[in-house]
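Below, each structure is written out as structure tokens.
Below, chain A partners chain B and then partners chain C, in two separate complexes.
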Partner chain A sequence: MKNRSRNFYLIPYVIWIALFVIAPLFLVLYYSFFNIEGEFTLSNYQKFFTPVYLKMTFSSFWYAFLITLFTLLIAYPTAYLLTKTKHKQLWLLLIIVPSWINLLLKAYAFLGIFGTYGAANSILEVIGIGSQQILFTDFSFIFVSVYIFLPFMILPIFNALDELNPSLLYASSDLGASQWTTFTRVIFPLTLDGVKAGCQIVFIPALSLFMLTRLIAGNRVITLGTAIEQHFLVTQDWGMGSTIAVFLILAMVLIMIFTGTRKKGVL
Partner chain B sequence: MGENTIIRFEHVTKQYDDDSPVLQDVSFEIEKGKFYTLLGPSGCGKTTVLKLIAGFIEPTKGNIYFNGKVINNLPANKRQVNTVFQDYALFPHLNVFENIAFGLRIKKIKNDEITRKVKEALKFVNLEGYENREIKEMSGGQRQRVAIARAIVNEPEVILLDEPLSALDLKLRTEMQYELRELQRNLGITFIFVTHDQEEALAMSDEIFVLNGGKIEQSGTPTDIYDEPINRFVADFIGESNIVSGTMLEDYVVKFTGKTFDCVDAGFNKSEDVDVVIRPEDLEITLPEKGKLQVKVDSQLFRGVHYEISCYDSEGNEWLVHSTKKAIVGEEIGLFFEPEAIHVMRHGETEEEFDKRLEAYEEVNG
Partner chain C sequence: MKQLVRAFVAVLAISFILLYIVNRLNSAQGLTEGNVLTVFNWGDYIDAELIDKFGEETGIKVIYETFDSNEAMLTKIQQGGTTYDIAVPSEYTIEKMKEEDLLLPVDHSKIPNLKNIDERFMDLSFDPGNEYSIPYFWGTVGIVYNTDMLEEKGMTLTSWNDLWDPRLKNEILLIDGAREIMGMGLNSLHYSLNDKNDDHLMEAKEKLDSLTPNIKAIVGDEIRLLMENDEASIGLVWSGVAAELMWEKDNLEYVVPEEGSNLWFDNMVIPKTAKNIDGAHQFMNFILDAENAAQNTEYVGYSTPNKAAVALLDEEIVGDERFYPDEEMTARLEVYENLGPRLLSRYNDLFLEFKMHRK
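And now, the complex of A and B:
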């Protein structure tokens, strides 16, 4: 009786997952076997292994890697300093707030800032470097992506650092470790789960970025995300778009398996 | 300062921001190779003393000497001191071997040397063969031993123990008391042990410092402190005691509960108001006419080794008696005690004055 009523409550979620998670996955898989004329074929998969798409795959991974790396390099020290501040919850809130603003709005804001007559160039003029082409470069693409993903990386790392038992740090110093040694041998290993979680949250969406590649990178950077968008909206080749999506999903699953967080006993 | 002195506190005060000081003008000396206990209620400043020695905090005023050198600002990782933490603070990402080897690895000691030393330390704490266990697989008592091994493996001159037995159950705690005491004797290292448990302190220490409100109330051997507490606080904190107000009529004569008694204390002013302490185990139950005090039994508890009997005299003072004999609740009984059982305490006497007075009248006697 109890079990049955519990199952009853599950129904909305089961329907939701079936309609919006499982069905789309099968649709993507289904479409990937049809060419643009609607005939069943495996040619999409053959096409994926041509240099054009492999290069795209490589550049997707490369940019996602760079974005994750720079986000981590900025997020870890930030999270660390946050745990040391007096009003850490307030500071954390201030860092999270920008993530509530629509991605598109932020992208447009950067168009203004990085534009030929934008704030960034005005500053460069003043210090005497002179106006530069900032928009539509690798730099601006990675910069804006890092800015957008930063809160998602800071949050799990902050939580891991905050949970760290302070007496472990005392113990490390008591046993003769300098602050740097304490960091490399105690703090970092114990917050690795937070780092992994943060990298996952950043790397996986970064793989399929497409709006920023167009707006900020001016389509100079073409990733798998851009390719999917182009196939569905421009060339109308849904089959090829789906094939790329299948590979992207496979990549994500693999990443999640390999960076999976094994919960070690927290003392 | 003696030759054996290893740590010396000189008028040390510790104060956080504008709060009242947690440690007030504390001075003491620690000698090599002894077992010291800092005893006091929570918030008395005992852990602060430990943190000052370990180097986790710096004194606000005064100096701390280690082997004759001021170490006020020396960081913790440069001190010849290791700590066993209250929550053990074992590294959860390392196994038993690596936890113990942590300090040795930092000193860049050769691998086979590390293996040898870790094995030796594990042997010392009776945990041979546990090298590859994860910390989470260890019980509380075993973690405790790992924490001790992690400290002793570095061969420090002083080991600080911050209430390390408080998380263990009674039986294990008693066992560990013996083991710690033996370990200290075998190693010959100075142990400074912090606890709020007076029985633990009495059982293990060479010397006890009783702290209260950021000051040392009394220091001495366990028997000194138990038999000659300096004031109400110490008498009350160390063991059970009956404390009543009295008057010192003259040397060796004290009056309390309206009666006059012979005692062994001296050096007071004439008719000085004092506190009188008699330990419950020094009171003997007899017939009312044979007793020095006549009391009425109010309640009785069976404590296993003895009965704890609570009685009231005609003035309303409570008298606690530890006796192997049973009493009958509601009955009048007599309490008998020897003059030596009476300990007289002067109001507001400092440790120095107390020692001086003791010396003075002992000289007269001698």
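And now, the complex of A and C:
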């Protein structure tokens, strides 16, 4: 009886997964075999391996990599400092709150801040560097992306650092390890799972960013996400859009496997 | 188990109660079938006062929804989740919707105000005899530019090819539309913007690539905001956007390039799924009324096809050749044809490649 009722409780979950995760994935795969005239074909896959889409794939990965790297470089020290502060939950909340604001709103705000006559340029004027073109450059694209993804990287790293047993650190310093050695040999390896989780949460959405490429990068950066959006909304070439999505999903699965948490530490 | 069943029953009960309340509320407001008209239009493309006025005059409650591209609108109508009684697609989409049998014919006898429409805008190639569509607004694609900046550089801007001037480095904003931008490339080479010859398309794409150093960004509707903030001095826009910008800023000017450009029409249609067909006709007739059309034109800023409204409007607005081009100029303008999926996808692919071209 107990077992049966447990299965019964599973039903909503199973239905949810089947309807909203498995079925859409199969639909994407299904659509990817049809060309714009609705004929069954593999030509979409052939098209994906033309220089245009390969170049796009490469640049998507490159930008996603840069975004993840810079997010990590900022998030790790921030998370570390957070664990050292007195009211860490409050500070954490302050970092999380901006992520409640809609992404589009934030992007529009940056249009103003980074504009030719925006706040950023006024500051540059005052310190004597002079006005620069900030909007529609690689810099602004990566900066805004990093800003948006930062909370998602800080959280898992913060949790990992917070759970770290302080006695390990005392032991390390007792045994004569320098602070740097303690960091590289004790703290970092023990928080690696948090770092991996953070990288996953950032890298995967960064691969398919599309609104920011238009608003902040002025379509000077074209990612696979932009192409999918265009194929679905403008060309109505759902087949090609789905094909790109299939490759994105494959890439994501590979990344998940690659950065997946292994129970037995590598180090 | 028992708890779960109880929870299910509770949820169901609450749902029914809510459904009942919504129903009661709707009927209290007179929102019963026949009394509602769902209009599907472009964003910010009607004077909201007119919607209220229509409601007061006819007792029909208007539900107004907006879209931002013909393609998005088409997808929604094809899927039929909401039943729209009026939609406002552009000409090439009307052709497509006709082909796909998504439209109901318009009964001209129910729209006496149709006589207000200028003959020039009736019986066009995309809808012979206006069987399915009634003109709403029309306009062109052109260049809006900052006169101060051009004076500073001692330049004039009259043609597409002027944009390739190296002095305009990093000054141009383009609209993110494949037809518009490919059309610009084709027009600058004196080809038709409906060109079907692949060599010409390739040539146009290469020509566009060489414009890259002058392009600051390729953006969507935010082009209005960016031009307003002096972010760039030249923008490729639709005439209505230009009209609004010039309203805000005195140093902006609009030109339809001399090589030719796009002439477009947005027409009102009745989708096949419409429920309130009578109301839809009433709405069309209401919009075509001279005074209403004039009021709408003043608000929206695009060009009206309504000659009775033109007579009511300020000479300053309708005498403006930039927005009401004369016959000679209109002759150089072309209407987008429905290219068919294969060719359209070719246009889009080339546009995508152009966007990927880095400086």
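The definition used in the following text is that the second predicted complex is superposed on the first by the 262 of 267 C-alpha atoms of A that agree within 3 Å, B and C clash if a C-alpha of one lies under 4 Å from a C-alpha of the other, contacts with A are read in each partner's own complex, and residues count from 1 in each chain.
By definition in this document, contacts are C-beta pairs under 8 Å (C-beta built on N, C-alpha and C of every residue); 3 or more make two chains touch, one makes a residue touch a chain.
Values in this document were obtained by computation on a predicted structure and should not be read as measured data.
When both complexes are superposed on chain A, chain B and chain C sit side by side without a clash. In the superposition on chain A, A:Ser172 makes contact with chain B only, while chain C stays out of contact range.
When the two complexes are overlaid on their common chain A, residue A:Val52 makes contact with chain C while staying clear of chain B.
More chain A residues lie in contact with C than with the other chain of the pair chain B and chain C.
With both structures placed on the common chain, the touch criterion links A:Ile127 to neither chain B nor chain C. In the superposed model, A:Leu190 makes contact with chain B only, not with chain C.
Of the two partner chains, chain C is the only one touched by A:Leu111; chain B is not. Of the two partner chains placed by the overlay, neither chain B nor chain C lies in contact with A:Ile257.
Once chain A of one complex is fitted onto chain A of the other, the partner contacts of A:Val21 are absent, as it touches neither chain B nor chain C. When the two structures are aligned on their common chain, the gap between the nearest CA atoms of chain B and chain C comes to 41 Å. Within the complex, the chain B residues that touch chain A are 54-56, 75-78, 81-83, 85-87, 89-93, 102-103, 106-107, 134-136, 150, 154.
Contacts from chain A toward chain B in the complex involve residues 165, 167-168, 170-178, 181, 185-186, 189-190, 264-267.
Every residue of chain C that touches chain A in the complex is listed here, in rising order: 1, 4, 69, 71-72, 74-75, 170, 173, 176, 178, 216-220, 222, 225-226, 229-231, 341-342, 344-345, 348-349, 352-353, 355-356, 358. Residues of chain A touching chain C in their complex: 5, 8-9, 36-37, 52, 55-56, 59, 108, 111-112, 115-117, 133, 135-136, 214-215, 217-220, 222, 227, 230-231, 233-237, 240.
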